[in-house]
Amino acid sequence: MIYVGILIVVPLLVYLISFIWPPAINLLTRVIEANLLAAIAIPLALMTISTGRMNFGPQFYIGIGGYAAALLSIHFHVPPGLTMVAAALGGVIFGFIMSPMAIISGGLYYSLLTLLFPLLFLEATYIFTDLFKGDTGLSGVAPLVSTGNFSLNLLSYAFISLTIMLVYLFAMDKIFRSRYAIQMAAVNDDEEVANSIGVNVNKVKMIGFTIAATLVAVVGWFYAHYYQAFSGQIFLPLSFMLKIFMVTMLGGRTQIYGCVIGGYFIAFLEMILIRLTGDMSPVLFPIILLILLLVLPEGLFGLYRKRKYREYMPTLRFRR
Amino acid sequence: MAEILKVSNVTKHFGGLTAVNGVSLSINEGETVGLMGPNGAGKTTLVNMICGSYPVDSGKIEFLGKDITKLPPWKRCKLGICRTYQIPRPFPELTTLASVCVSALYGKDRPNRSFEDAMTEATHYLEFVGLFAKRNVLARDLTLFEMRGLELARALATQPKLIFVDEVMAGLNPVEAEKAVRLIGSAKEQFGVTVLWIEHVMAVLMRAAERVIVLHYGEKIAEGPPKEVANNPMVIESYLGRS
Amino acid sequence: MLGAVETTLIYTFLLGSLYLLVSLGFSLICGVLRIFHLGYAYIFTATIYLTWMFMTIFGTPPYSTTVLIIAIICMLAVQAGLAVAIYKGLIVRYLRHEEIIILGLLFLAIIVEQAALRFYPIQTGVYLETTVIHGVSTIGQVTVSNQLIFAAILGIVIAGLFVLFFLKTKLGLAVRAISYDVYSSRLMGIRVDRVFMFIFVLTLIPVIAATLAIAPIWAVDPYMGWGYMSTAILVSVLGGLGNIKGTMIASYIIGFVHSVVGFVFNQPVYMGLAALVVVLVMLIVRPQGIAKSETVW
């Protein structure tokens, strides 16, 4: 409970202090980015554990949520609160339709399919360009907050993104301490055996997948209203996927608290690189990430974990 | 005694190989039935089909009067069928307590069961097989005998009516083997399960089983009390070959 | 009507053979090494830009054929060395953790793409004069570049050589054995690590050949690798990962789909989508693809 207390009180304090002493704009944008990356990685952990497979295209649902929010906001002037519902609904529908993939295919085929879907989505935005404006992206999305004061806006966005991330964090924490986690861990470890002792494996997979997809879609909604624009070119290609995966990897794969650390690490690393190396940063960023990937296979969390005895924590398993 | 399992003319092909060919058997409540046969006779395939891991090519399986031929494995488990595995398949990343807890929670339909209650129940099963001391050890760190015990505890925690025990003796030394036989016997007494025991070791089945079924090349070649079956010339031939 | 049939046949042949070249390597790596070479795209980009780099080092524009040939040889050496380095540094170490291999290879592809973008942006005018046969030919109503025909024939030749290699040579037999069962192959005395490395380097050849052949006629930019890799993935999945027979059939099927959609119905925008739909349908109906087995032949 102490952690819960800290995680609520500290941001509140920071927020209050920021009224008086506003932090740099750069810092705020990085914080927002970090929160959002963590908010994507946390449901991804749920999806991974409940299906027992690694989804190589989680950004597909960012696209779903983002485009749903953007299109409704631009064409029908739907307020942001309702677009969030629409984005979540999109996540539920598409997540549910695509969840049988986790049942039918496994291993290489699952990785392929999940990898391809966001790229297919991107293709679709180019093909149906009148609707999605594939080349330029959609713009003119209503902002979430407009107080008139730019830094106050930004501060509010930071706080909202933090709230979203914390809500996801607490929700996942609760789930991972409950009986559903044990069920998912069993499915993750050995599907056939879990099936034979009474776990409805297909239901576990579909529910986990759908919930995770919905949560990721809501993050897409936030992106759309935060940037007041949405373009598949930024979020759907592999480069964004790799960022998300590095957050996951650095955080220790399925450790949700590690995702938060990973998110902040990646977001601030990006900023430092751009400051230090300027236009070489798109080349150096993946190089550094690759080195981190190889040097820290269990992420930053792995350094902590090596100290403690192996306790029960569902880890990632890659199936052939 | 009521008949709880009835297998009628069940067949399974794997490509060109017929693993199980028209096998029929029935099991009554409270029995201990042995299932024997040389390697490759189709024993594990038969058990896989009854438990639902393999679909049946033809034939019917009835449990407690219900036709379960098309039911998925988890539904069969909720009805009361469970199995252990010949080569133990523990949940590698779960502790022993957590493994048994999964069965305790999901083996039977009990929507109001709380997590803590299930954990407590799981400890009872662990105590029964003698693994209470190892309840927080990861399942993959156990010895072979302990893993077999874990398999049994995990199966028993689903509160089955019928349990398939698959070659428990393999790889155990005589002391452990004796313990295992006594464990299964006491499981029968305390939990009131019916046992179908797949085994190679004749001596065990002589003591423990009331009835023995013998398979050879996927067909049933003998059935009856152990002494009778042991002296059956076809059975002897299937194990030792024709002289 | 006859024009449509002609167009379809010719483009199916041309595109199919080209896709065969492009996909052969990917399929083999999937089938033999059983890893997903998601960084496959880097080979295309590296071929073009490394050659260009060596050309600018050894000569000045307009580049003579000799400079081109020297550049190509240097590029081959560098690519081979890079492949060995990747194999030893990444794949051998992390064979148990496939996510790391996949992500690492992806990173590699992105690094190569970004480096190409940074050092040779599109304005530089990278162009490789690798045309072997100039001019165009007209077959019936269809006019195609001769270079494209050459590339297609090259594709068939190289594929044929691969098949001969796998069927007739001892090393090819070893590769086939490994694709059946790695552990038994090890027991039989096959040096699996060496063979893996050999395959990893061998699969560079069809890709480099394809890239060099079509460089003068199709667009060249740092992002080109991904499009070809997508095709390679689609063909490999359709044909059954790792099976050469399946890959051959699948590349012509995809070639057929692309020809019909792109040249008969004249909707090139939908080419990728159509192929993807075909593959998805196949994946739902028969996930293991066209091939009867998951082995090389």
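All chains are identified by letter, namely A, B and C, in their written order; residue positions are counted from 1 within each chain.
FYI, contacts are C-beta pairs under 8 Å (C-beta built on N, C-alpha and C of every residue); 3 or more make two chains touch, one makes a residue touch a chain.
It should be emphasised that the depicted structure is a prediction, and the values quoted were computed from it without experimental measurement.
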Centroid comparison with subunit A (C-alpha atoms), farthest chain: B
Central subunit by CA centre of mass proxy: A
Distance from subunit C to subunit B - Cα centre to Cα centre, in angstrom: 51
Subunit A and subunit B: spacing of chain centres that average the CA atoms, whole Å: 44
Distance between the centres, which are taken as Cα means, of subunit C and subunit A, whole angstrom: 33
Residues of subunit B touching subunit A in the complex: 51-53, 72-74, 77-78, 82-83, 85, 89, 91-95, 98-99, 101-103, 105-108, 115, 118, 138, 154-155, 157-158
Subunit A residues touching subunit C - in the complex, by the definition given at the top: 54, 56, 104-105, 108-109, 111-113, 115-116, 119-120, 123-124, 126-127, 238-239, 242, 245-246, 249, 279-280, 282-283, 286-287, 289-290, 293-294, 297, 316, 318, 320
Contact footprint of subunit A on subunit C as seen in their complex: 30, 34, 36, 38, 89-90, 93-94, 97-100, 102-104, 106-108, 110-111, 114-115, 117-118, 226, 230, 233, 237, 241, 269-270, 272-273, 276, 280, 283-284, 287
Of all residues in subunit A, those that touch subunit B in their complex: 178-179, 182-183, 185-186, 188-190, 192-201, 310, 312-315
